[in-house]
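In structure tokens below, several structures.
In what comes next, subunit A is part of two complexes: it sits with subunit B in the first one and with subunit C in the second one.
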Partner chain A sequence: MRSRVRPNDFSSAGAFELHRPLIKSLERRGLLRAGLSLGALTLLTGCDVKRPEAVEAALLAISRMNDGVQALLFDPNHLAPTYPEAMILRPPKFNAYYDVMDVKPVDGSTWRLELAGLIAEKRPWTLPDLQAMPQRSMVIRHVCVEGWDYIGGWTGVPLRSFLERVGADLSAKYVAFKTADDYPSSIDMATALHPQTLLALQYGGDTLADPFGYPVRLRMATKLGYKNPKWVTAIEVTNTYPGGYWEKLGFPWFGGI
Partner chain B sequence: MRPRFAVTTACLALLFGQAAQAQSPTPGGMPPPPGMSLAQSNAMRFPQPIRVGQLLGRVVLQPVESQTVLGHIRGVVRDNQGQVLVVMNFGGFLGFGSRLIAVPLDAMVLLGEATEVAAFTPQQLRRFAAFTPSGTTPVPAETVVKVGLAKPSH
Partner chain C sequence: MKSPASPKSEHAAVNRVAHGRRLHPWPVRIMHWINAATMLVMITSGWGIYDDDVVIRGLHFGQAWRLGDWAAWSLNWHFAGMWFLTLNGIAYLTYGFLTGRFRERLLPIRLTDILHTIAETLRLQIAHEDLTVYNAVQKSLYILVIVAGASQVVTGLAIWKPVQFSGLVSLLGGFQAARLIHFAGMTVIVGFLIVHVALAVLVPQTLWAMLSGGPRLPRASVRRMGSEP
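Here is the complex of A and B:
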């Protein structure tokens, strides 16, 4: 089809040469490049894009704003999609900030779950203690920030039940986790109390395997994969922002799906 | 209008974009160290049980960031020495001209639904003989085998 903006006739062969500077200044890709560059960030923040720390601070401020918006939008009663048991991927996908050969298995018989912060009963919990609590199962999608996902089936103690049982201050802001692989993490209290947030003890009906967090890991249907620490060893309820392993490296803290 | 559109796009990307950095700074399916047998290497990768029938059809990747597709699993057999081998199509172009080769199961790793050949490079796989069923017996689909794990290579 003939272009509607194409002239019917060219006035002269020299016209292009005459207007070459103007044409060059109108290069579309150049405009897009400029628009999509950090120039946009400068307009937004007034920062000096030549200083990387200023750019980083601006991006982190936007990320924190994202966290706030996600927390506002979070509906504590809205359930994430669930799936039939037949869709459970066995075994699940391993991922960590190190290779699987560096996994250090945890001895379930000596494992203790330490409690700290705004919790009334801070006695450490054993694995049989947790196994004796009412369990819940859910088949949910694990979504990684890297872009992959899989369907997994998890069984464990609803974190809400656990927090209620130990007398945690449910009006506190954060629930923080420490793990055996030095992967600290933390979540908002609203998500901690969500019905699809578990202290998972089983996968696909079997005891959690070593590389997937035995004896206890956190599993949430409402947050990205990196917010689900494995090999949990301590839980703290606090009003002081605890951060997390990837959050210190710039990942968003809320990490909602 | 175009610069304004571009700036708006950039703003939206900054506002709603999530960090999408890789969580894995190093590739997962690294080859075994020199002198280590495939079985020893596999044992270090927390081998997990999986039914043979669930392996069939799975994609086989090269353990590199680009996750190059090497082929797909077409069968699992046991040779005369009792070694379990994964039969996969390999080579060719756009699905044409590939041939079947048999790779030791202990050379493979699982990454969720995908698999990787951790112990051999594509150059080494090119030198593998074309698979012939003689001297091997198919492993039934219900048989449970154990396959090591690796983190994603991207």
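Here is the complex of A and C:
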């Protein structure tokens, strides 16, 4: 039986032949558009056909387990190797999720460090407040998750002494950071209390340059580069997992080295 | 149920052959295929990680060769696969040493045998009638790839935790040296893999043997080979 929605008489084969090139080109365009939409969907969901949800979930579960293993491997008393000042790379390597040309400098005179969460004294800090604290210097290796590395020299306030000074709950699980470049980040308390974890104010003896986090950035000798937020504007001590910019996109949270 | 009486000598002969161990006992086959899958995961996800900061300038691996659509997922594959590689590898080494399989199958290697096998191979005379005996080149390659696999775990640990295992990193000659050795280890394993797979395709009985267990080893030969130093 003939379908009701189908026209009674078809166009002749000759008409089809006449328009074949046009039809072909339309088909190609359709295919191209479908391809683009699939690409756009991939971008929107952050998902990929090659990365089914179940596989993704399994990989993330193992990554979380690895975070636990990394915490166990972390020795709070083990110091990262340090190097002579002559080895400091000047200027340091720039890295962010955007180009160095897109850095928006922060005004140090109006800059404030906000405090939140399990902290007794939440009064915001100014740059001179931090500069008045006892400083510590370290020349350490920066290791990027991509594989490159360089030797950098950092001076600043040990995060431990800062957290003690503001009356933070040192038994809390996480220390979270907010930044001027919208790069949220967080670390475990054990690493926050490590002697080679600084709120860095200087690089190689000079005030931090704009692209490297002026006025204040976090610098840890025991974590990969992406765990070190620049242009820090707020610190929160919390027991709720805060995540971070790259972590949300799939990178491991602990990121210890 | 009792079987009909048979001459004692024949019964003994059947016993001798049929009750001998298989060329590849089931633990070996399971560990081999877990390792095969894991190695593919580690190699291709490693290429995905490698591509963000190449070890050899100009050498890139195209997306089609990488596991993980970008670095984060290549890393997650790599850091998941490492457990399978390490645990399976430890199980394999333990089994190989405890059962005497390594000594039985991979030793002894004589230099004259290696030269002899190479000469034969160059004349395209690849002897493969007897799957149960590895030639000297095979033995050397198996040992090489086992050492390379173990080395990957050690150098991988150094790259993963260069601060916690800073002593190991210094021993390897520094962080970038550890990366280079890790890359070299991959090259050795991929090179082995190409030859290994090519030969398995040329001599399909070997592939079948790794699936089904292969021929049973005569007991006498097992005992004789097992007693060698």
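We adopt the following convention: the second predicted complex is superposed on the first by the 206 of 257 C-alpha atoms of A that agree within 3 Å, B and C clash if a C-alpha of one lies under 4 Å from a C-alpha of the other, contacts with A are read in each partner's own complex, and residues count from 1 in each chain.
As a working rule, contacts are C-beta pairs under 8 Å (C-beta built on N, C-alpha and C of every residue); 3 or more make two chains touch, one makes a residue touch a chain.
Treat the numbers as computed from the prediction; the structure is a model and nothing was measured.
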Now for A:Ile62: first (subunit B), second (subunit C), both, or neither, which partner does it touch? both
Looking at A:Trp246 after the superposition, I want to know if it touches subunit B, subunit C, both of them or none. Which is it: first, second, both, neither? both
Which superposed partner A:Ile257 touches (first subunit B, second subunit C, both, neither): second
Partner chain(s) touched by A:Pro84 [first = subunit B, second = subunit C, both, neither]: neither
With the two complexes superposed on chain A, say which partner A:Pro134 touches: subunit B (first), subunit C (second), both, or neither. neither
If we overlay the two complexes on their shared chain A, which of subunit B and subunit C does A:Ala96 touch? Say first, second, both or neither. first
Given the touch rule stated above, what does A:Pro52 touch, subunit B (first), subunit C (second), both, or neither? neither
Kindly classify A:Asp75 by the partners it touches after superposition: subunit B alone (first), subunit C alone (second), both, or neither? second
Mind working out whether A:Asp210 is in touch with subunit B, subunit C, both or neither, as first, second, both or neither? first
Looking only at subunit A, is it subunit B or subunit C that touches more of its residues? B
Take the contacts of subunit A with subunit B and those with subunit C, and give the residues found in both. 59, 62-63, 66, 144-148, 246, 250-252
Subunit B-facing residues of subunit A, complex: 28, 31-32, 34-37, 39-41, 43-44, 59, 62-63, 65-66, 89-101, 103, 144-148, 150, 209-211, 224, 226, 246, 250-252
Provide the residue numbers of subunit C that touch subunit A in the complex, in ascending order. 49-50, 52-53, 55, 68-69, 71-73, 75-77, 79-80, 83, 160-164, 166, 170, 175-176, 179
Subunit C partner, complex, touching residues on subunit A are 48, 50-51, 56, 58-60, 62-63, 66, 73-75, 78, 80-81, 141, 143-149, 221-222, 246, 249-252, 256-257
What residues of subunit B sit close enough to touch subunit A in their complex? 2-3, 5-7, 9-11, 13-16, 18-26, 28, 30, 44-46, 48-50, 54, 110-113, 148-152, 154
